[in-house]
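Got a structure for you, written out below as structure tokens; questions coming shortly.
So that you can tell them apart, the chains are marked A, B, C, D and E in the order they are listed, and the count of residues begins at 1 in each.
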Amino acid sequence: MTMLQHAILVLLLPLASAVVIALFLRRQGAVASWLSTATAGAIAAISIILLLHGERFENSIEWLRFGDFAVSLGIKFDDLAALMLFIVGCVGFLIHVFSLGYMHDDAARARFFGGLSIFMFSMIGIVLADNLFMIFIFWELVGFSSWLLINHYHHKQSAADAAKKAFIVNRVGDFGFLLGIIMCYWLNGTVNLSELARLGDTHALVFSLALPLLLFCGAVGKSAQMPLQVWLPDAMEGPTPVSALIHAATMVAAGIYMLCRISVLMVPDVLTLIMWVGTATALYAALCAVVQRDIKKVLAYSTLSQLGCMVAAFGLGSNLPGHDGGGTAVLAAGGAAAMFHLTTHAFFKALLFLGAGSVIMGCHHEQDIFKLGGLRTKMPVTFITFTIGVLAIIGLPGLAGFFSKDAILYLAMEKNTAVFAILAFTAVLTSFYMVRLWKITFLGEARSDAAKRAHESGLTMTLPLIMLAVLSVAGGYSGVFGQLAGSVAELVPEAHGSAHTIILMVSLAVMTVGAGSALLFYKTAATDTLEEQARVLFAGLTWLKESFDRLYDYYVAKVQQRFAMLLNFLEQIFLAGLIIRGFAGIVGMIGYGARALHTGSLHAYVFWFLFGAALLWAFAAGVF
Amino acid sequence: MSTELLQAIAASNEWWALGPELTLACGALALLVIELISPKEQHRFIPHLASMALGVVLVGVVMNFGKTWGEEELFGGLVRLSVPGQIARIFFLLSSLLVCFLATICLPRARAPRVEFYHIVLVVTAALMLLAQSNHFVMFFVALETVTIGFYILVSYYRERVLSLEAGLKYLVLGALSSAILLFGIVLLYGAVGRVEQGGIVHTGFEYGTVLNFLRENPDNFLATAGALLVIGGVAFKIGAFPFQIWVPDVYQGAPTPVTAFLAVSSKAAGFAVLLTLVHRVFSPLQAVLVPVLSLLAATTIIFGNLAALKQHNTKRLMGLSGVSHAGYLLIGVVASLTVPWAAGAVWFYLFTYLLASMAVFGVMAYVAGPDDSGEELDHYGRLARERPFLGAVLAVGVGSLAGIPPLAGFMGKLLLFVAAFQAHLYGLLVVAVIGVVISIFYYFGWIRAAWFESWSPPAPGAVPAPRPLPAGPTFIGVITLAALTLATVLLGFYQQPLTSWLLE
Amino acid sequence: MSDTLFLILSVLTVAMALLVVLNKNAVNAAMCLLLSLAGLAGLFVLLDAPLLAFVLILVYAGAVVALFLFIIMLLDTTPGSFKPFKPLTIAAAVLGAALLGLGIWSLFGRAVLPDAPASVPVPTMKHHAEMLFTTYLLPVQVVGFLLLIAMLGVIVLSKKYTAPEDAK
Amino acid sequence: MMTPFLAAAPVYGLPSYLLVSALLFAIGFFGVLLRKNTLVIYMCLELMLLASTLALVAFSKFNGTLDGNVFVFFVLTIAAAEVAVGLAIIVALFRQRHTVQVEELNQLKH
Amino acid sequence: MPDNAQLLQLAIATPLGAALIIACGLPKRFSTKLAAAAFTLPALIALWLWSQFPAENAHQYAFLSTTYTGLADFGISLKLGLNGIALPMFLLAAIVGLAAGYYALRSGAERLKLYLLLLLVMHGGLLGVFASVDIFFFYFFHELALIPTFIMVGVWGGRDRHYAAMKLTIYLTAGALLSLLGLIALYVKSGANSFDLIELKDAIAAGGLRGSTQNWIGGLLLLGFGTLVSLWPLHTWAPLGYGAAPSSAAMLHAGVLKKFGLYGLIQIALPLLPLGMQHWAWKLALLAGLGNVLVVGFVTLAQRDLKQMIGYSSVMHMGYCFLGLACLSTIGTGGVVLLMVAHGLSVALLFLLATSIHHRTHSFDLSEMGGLAQKTPVLAAFFVAATMASIGLPGFANFWGELTVFVALWKFSPGLTAVAIAGVVISAIYGLRAAARVFFGPVSEQHQRVQAQHPPADLDWREKLPALILLAALLFFGFYPKAISQPVDQALGYSATPKALFTPLKTR
């Protein structure tokens, strides 16, 4: 089998799995889950084969043609795709395995695993796509599978609402994305990524401010950047493995991946905007995370914050002097840094989420961290792996997060001090709330029955945790990442000399400050220390968190729905009522009038005849 | 003048050519004789005899269609045999046959005398056929008056019913008035043309050909134009064109159902047969006046007929007013035929489809109506489709065809008219016609709605007639006849060859 | 001479016709119609159609007007049933009269007549008979049937009928 | 050859007869328009028919064709038949409604 | 073995013939069997013809046959055939007809025989519409299919059925008449003296119509067809009518019959009246974009009744079709054909499922429902699939149509493209909201009461089979759009339209 066939196989396997599950295994949850997991395993294996084999290729077939317009489906397998495929495949597989345990007692297991398979299919589609139309297709499918999986507990109103919200908000982003793709098609005559890159190389590319901006909209939606970040915290209504897979490791990262794919189209102004959007999101989410009580919500905001960092990195880095020296490198330093962080983040955030899942499972679906506590002894594996995850995310030197975060901070420092400051502050906050979470969840005494009765999860759940912990530790080393990312890794900015020292210092400082203050500040109690000690601050942060939701709720309920009602009213009253019924009524009135002319009186009729005769006579006399 | 000469002239009256009319007249007389000599219990065969007479003649005419008669003038130019004349004969025979069928339903129910009815129908049919073939204003007037007086009697045939008599009275007064107008027009034409000597033979303004020649030379003669338009006015009364349509609903409502059908179909068709002849063969040089007059009549007729029918709930009045609008569409065809010759065929096609559909609807009406058929409202159809699905289906097809809904024959009729109108550049009239058709959908489908959709409630509050029990269903012959009409209506929508091959040659 | 006669007869005819319309009493109206007919017959004579004048008197005065009178008497419609006209009716009548007057005026304003031929044959009874029984034989036959159905119609409208369904 | 209507000689020639005819026609029409007694309406209708016969006879004489005269026979016959039928209807109606007034005979309407 | 042209005739004649036989009084149990066969056979024939269709000559009519009905002198004859554009539509009619027929067969409707009879007539008409080369018969078959709708809405309809039936009929008849006038105008003005589309094309190619003539004929056709396809603001019949119509009628009408107008514009107006269409393109696009997509989109958001909502959404999607048409380009028109097929399938599926939901909840009111998915997961899955198809999720056929239309639209007007794509967001909102209201969340109180009386069962086979047919078709065309696009592209490429009118694409 050629590598191309492998790639096609890796794309189609999960689709086949989903189809088989949907058609035949609806009631055989166990079989379905094993099938899906086996598929994921195969994907992971093939993705590793593809990654290591080293062959990079492209191929496409025409799928639709009208006149000169054609949509093709194809595969562009370069280093970037290989890296992403590896992340999706491996993390996906581990999460599948985890789900075997986590979802074991779920009645709708088949639906869940079917959904996971569809998701894998869609995500791999994005990864392998060689043109923007194809990306868009799978982009939408990813949104759909996300909807499907968030909606898993559909009997809960909150889950149904969250799924709906996620889908719609994503669509809002896709609005711009699709416009951008179409604009790209008409501007440059192609949407094929390689052709675009070639055009860029020959300086034949048509640039436009609107184009990257519109395309960025897609990333804003999918990667939950401001102002479309609202769906991601709500998406935690889905089962925890879903949160880990989709809303932490892969799908939300697709925005970053897509940005890297189209970086050739970027223009400086848009990059600046991207940078600021990312920075704002990072800061905002970090602030919100501080006041969360729900273990998954904390992680969700943390994800948001990290995604913000990646987007900011993308926006930052591509303007680094010296990078656009031509050549085949489409990807710039910022993109590489973002991808680097994406990779490490995928590992440790998946780890954290799965850890959270393990906690939730162990504590009988108790998610409020202030009702947990003391899990350190009851769930040792979870505790250790979770700790590794926390350390990775706060950037403990030597762990994966440290390296990627450093790369981003370095970029920021080089490029924009304000952004650097904000990102550094975000890092402080990250350390702060992660340690808060960790401490309150695992240390101290158990504060509820659920926590008291907690138990360690089974092997299917702990094994993925361990694997991910390993990756979280090792993923940041250039030996590993370089192997994974190939040419991408070479672009990752590295600080040298004094810059290196400064970054290291800053990095250590923020980590220490954040982690230390959290360790000292928070008590392992049933109430939020911050809420008690700094009521105003807490209320402010809570307000900050809710303000967007309020705004959107206000828009939906008071603006959009009212506008819709108004238009409906106008339609029913004016169009269908006054105009149409009114017109029919007038005709009817005339009809009644015409009917009333038949008075039954012979004289009146004779008069009609006289009138008629006179009329004819007048015609004969040439009056008319 | 010697006897021989008289005989020679009399010999030129080729009676054989009027075989169908003579047969009917003799048949009518025979009916009277049979009634006198046969025992009373055998009188129930009389309707069948009348139908048989009509049927035999119909078969005869159809079999000899186009064989023996070319374009020739008989009886010294009184009558002209022509293909349109044959078509008219067939039309009137078919129509009368169906009227006799309707009479077999209605007359016994109304306890009305039989033989006289059939007698008059036969005579009127013969007169109608003559009317359509007349080539001379004296012949025309005499035949027309025979028809008209026959209709006076038929309309007021239910002498026990005030409404029937009132309808008869109204029809008589207005009919006589229109006859007077028509006659005055003929007189004016006669006077205007004067004495024309050609090859030693004296021609007068009574002869169509003479009038035509006169008008060719004097197209702006006021007397002749006025006479022509007054004649058109008299014909407009027959076809129920605006503003001579005002009698239609009252008379249709009061008349017995078979007579209403007879009026709606035969009388109207006779008007159009005459109008086509006049417009083409007599008044054609007056196009400058005729086209605007007829266009105006057509437009106003369509609009008035449809609007007045819109809120009508009495089925007979509805048929009458909708018939008015049909007259309007047909007038468009007549106008178009002035520039597009084949439009005359289209008019006949339309009339045939109208015959089929109307008779089907009147058949259903006859069955639905009780003994009193003047007060039949749409509400009485409330349970028709449920209790008598056959009648419901016939009604739906008939009404649909009248509304001009594909795939029914009525649509094809309208289509041909529209195409003709388009070719004649009558765009304004087309717009009016389309508006008319759309309005007509309201009441035609309102009727179907009344028959098919249950729980139909009348819009007029306070005047809700009590639901009437449906009378007995159709007999075997009734089923056959109605089914044949329905089937013909449907099939003609799909396959027009049988009609077009004669009408549009 | 004939001019004077024409004047007298035409004035008589028109005046009596007017009286037919304006007379309140139906019997008087019928009488006026009779006189109008007489005037008309006179005009026919002036127009060299004595035969028609004769027929007119015979058919109309002798039969039709008599029939009218007979029916009026039979139905005994009282003169008092004549109601005053409503304003609308008067307006309609005025309009109608105006239209009719306008029509006559326009007729005389515009019409041109053919020239009278040089020799005008005076029709005799024989001429009439010849035409009726040769050229117009067919209409005569038709009129015969017309009279027949009119007669039948009158019978139907007047005679009581027992349906066979009821006879049983 | 045509002559203007009023210029036709002699003084009381065709136009005069036609004037009488037209007046009779108009009067008859007016009567139908105005009178409420159905019987009188019939009389007025007869007047209208007779007006036409006068014009026919006049035209017949001045045009020199006999056909007009012959047509008068038919018209008179038809008019008589019409009257007969009409009177029969009125009598029948009178039996039912005991009136011959037009305004009372309008049950058929709208 | 009859040849393919005869098969095409047979496909149209089968439902009509079956209807006639049932009308003659066939007993009920034979009637249903006959009807089932009559619904199946055309679908099989359509599939066979599809497989036999000469792809390389898609611009020409295949399977041609001519039958004279007596109006040959007027250039009217029953000429049947399929070209690349007609083929997918014919297939659509056959598939939706099959699904609607199967659904009706076991719907348990009162007076089932009559219902089936009318449905068969409708089906026959629909098949005829797309197989007619003669534009007179094209119109004729449309009306043939339309009339049963009226009776079906009136007799078997739901709320407001009388008013809805009347309004539907008035609107559609008026629209049809206007378009008929347009067709007659073409017939007369083209000089072909024939309704045969091929001859019309030849005549116009030879003579050509003046711009002003094209303008008014085009306007007439657009107005007429626009009414039939529910162009804003002539659309108010549609939601009302569909809201009241029984499921099978709504499926066939919204799914197939409504496409008549668009199909007519594509097959007749675009090639014959290019200048006229160009004259109206902007006005059409504005009406469709602002009216159908935006206004109706928002109005859809405000609907509480499920069927009304589907009806409005269908109106909205027609806006995309008009937008695609207004582009006057091969891409746009091709997209419209794709969208027509896709929308036909998806809206039919939605109507079918809406009725199935009603069977279980006894309500169409969205605010009264909730949590149905707990009892009927399969129904929920189908409905979600249908909703996703309707809002243009990739993988379903609708996506390709919408995408193509949007791409074409950008060249016409980027602003309108933005409007159109904003419509996609709106449709996602109402589509998902409806699905969520009906199926997800806790079981509503009202629904609990209904459930207590009528415990809801999941989809049974009588509902599942037609739904599966439609869904399979949607997915098939969604995964393999080339099945439609290839013949359509061929046919459009050879269209008689002057090439200059189509904006050339910028290609490298």
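To be clear about the criterion, contacts are C-beta pairs under 8 Å (C-beta built on N, C-alpha and C of every residue); 3 or more make two chains touch, one makes a residue touch a chain.
The structure displayed is predicted, hence computed values, not measured ones.
Visitor: Starting from the defined contact criterion, work out which chains touch chain B and chain E both, please.
Guide: Correct list: A.
Visitor: Of all the other chains, whose mean CA position lies farthest from chain B?
Guide: A
Visitor: Select the chain whose centre, defined as the mean of its C-alpha atoms, is least distant from the mean of all protein C-alpha atoms.
Guide: If we average C-alpha coordinates per chain, E lands closest to the whole-structure average.
Visitor: Once every inter-chain C-beta contact is counted, which two chains account for the most?
Guide: After tallying contacts for each pair, the winner is C-D.
Visitor: Where the centres are mean C-alpha positions, what is the separation of chain C from chain D, in Å?
Guide: Roughly 5 Å separates the two chain centres.
Visitor: Give, as an integer number of Å, the spacing between the C-alpha centres of chain D and chain A.
Guide: Here chain A and chain D have centroids separated by 96 Å.
Visitor: Using mean CA coordinates as chain centres, what's the gap between chain D and chain E in Å?
Guide: Once rounded, the distance between the two centres reads 65 Å.
Visitor: Which whole number of Å gives the spacing of the CA centres of chain B and chain C?
Guide: Their C-alpha centroids are separated by 29 Å.
Visitor: I need the residues of chain B touching at least two other chains; which ones are they?
Guide: Those would be 138, 142, 145, 149, 152-153, 156, 159, 169-170, 173, 177, 191, 194-195, 221-222, 226, 249-250.
Visitor: Residues of chain A that contact two or more other chains, please.
Guide: 595, 598, 600, 602-603, 606-607, 610-611, 613, 617, 621
Visitor: At least two other chains touched by the same residue of chain C: list those residues.
Guide: Only 89, 92, 96, 100, 103, 107, 110-115, 117, 135-136, 139, 143, 146, 150, 153, 157-158 qualify.
Visitor: Go ahead and list every pair of chains that touch.
Guide: Listed in label order, the chain pairs in contact are A-B, A-C, A-D, A-E, B-C, B-D, B-E, C-D.
Visitor: Considering only the defined contacts, which chain D positions touch chain A in the complex?
Guide: 29, 32-34, 36, 41, 102-103, 105-110
Visitor: Within their complex, state which residues of chain B touch chain E.
Guide: Going by the criterion above, the answer is residues 385, 389, 393, 396, 400, 405-407, 411-412, 415-416, 418-419, 422-423, 430, 434, 437-438, 441-442, 445-446, 448-449, 452-453, 456, 494-501, 504.
Visitor: Per the contact definition, I'd like the list of chain A residues that touch chain B in the complex.
Guide: Touch residues, chain A against chain B: 587-588, 590-595, 597-598, 600, 602, 604-606, 608-609, 611-613, 615-617, 619-621, 624.
Visitor: So in the complex, which bits of chain E are touching chain A?
Guide: 167, 233, 236, 240, 295-296, 298-303, 329-331, 333-335, 371, 373-374, 377, 381, 388, 393-395, 399-400, 403-404, 406-408, 410-411, 414, 417-418, 421-422, 424-425, 428-429, 432-433, 436, 439-442, 481-482, 485-486, 488-489, 492-493, 502, 504-508
Visitor: Which part of chain A faces chain C closely enough to touch in the complex?
Guide: 603, 607, 610-611, 613-614, 617, 621
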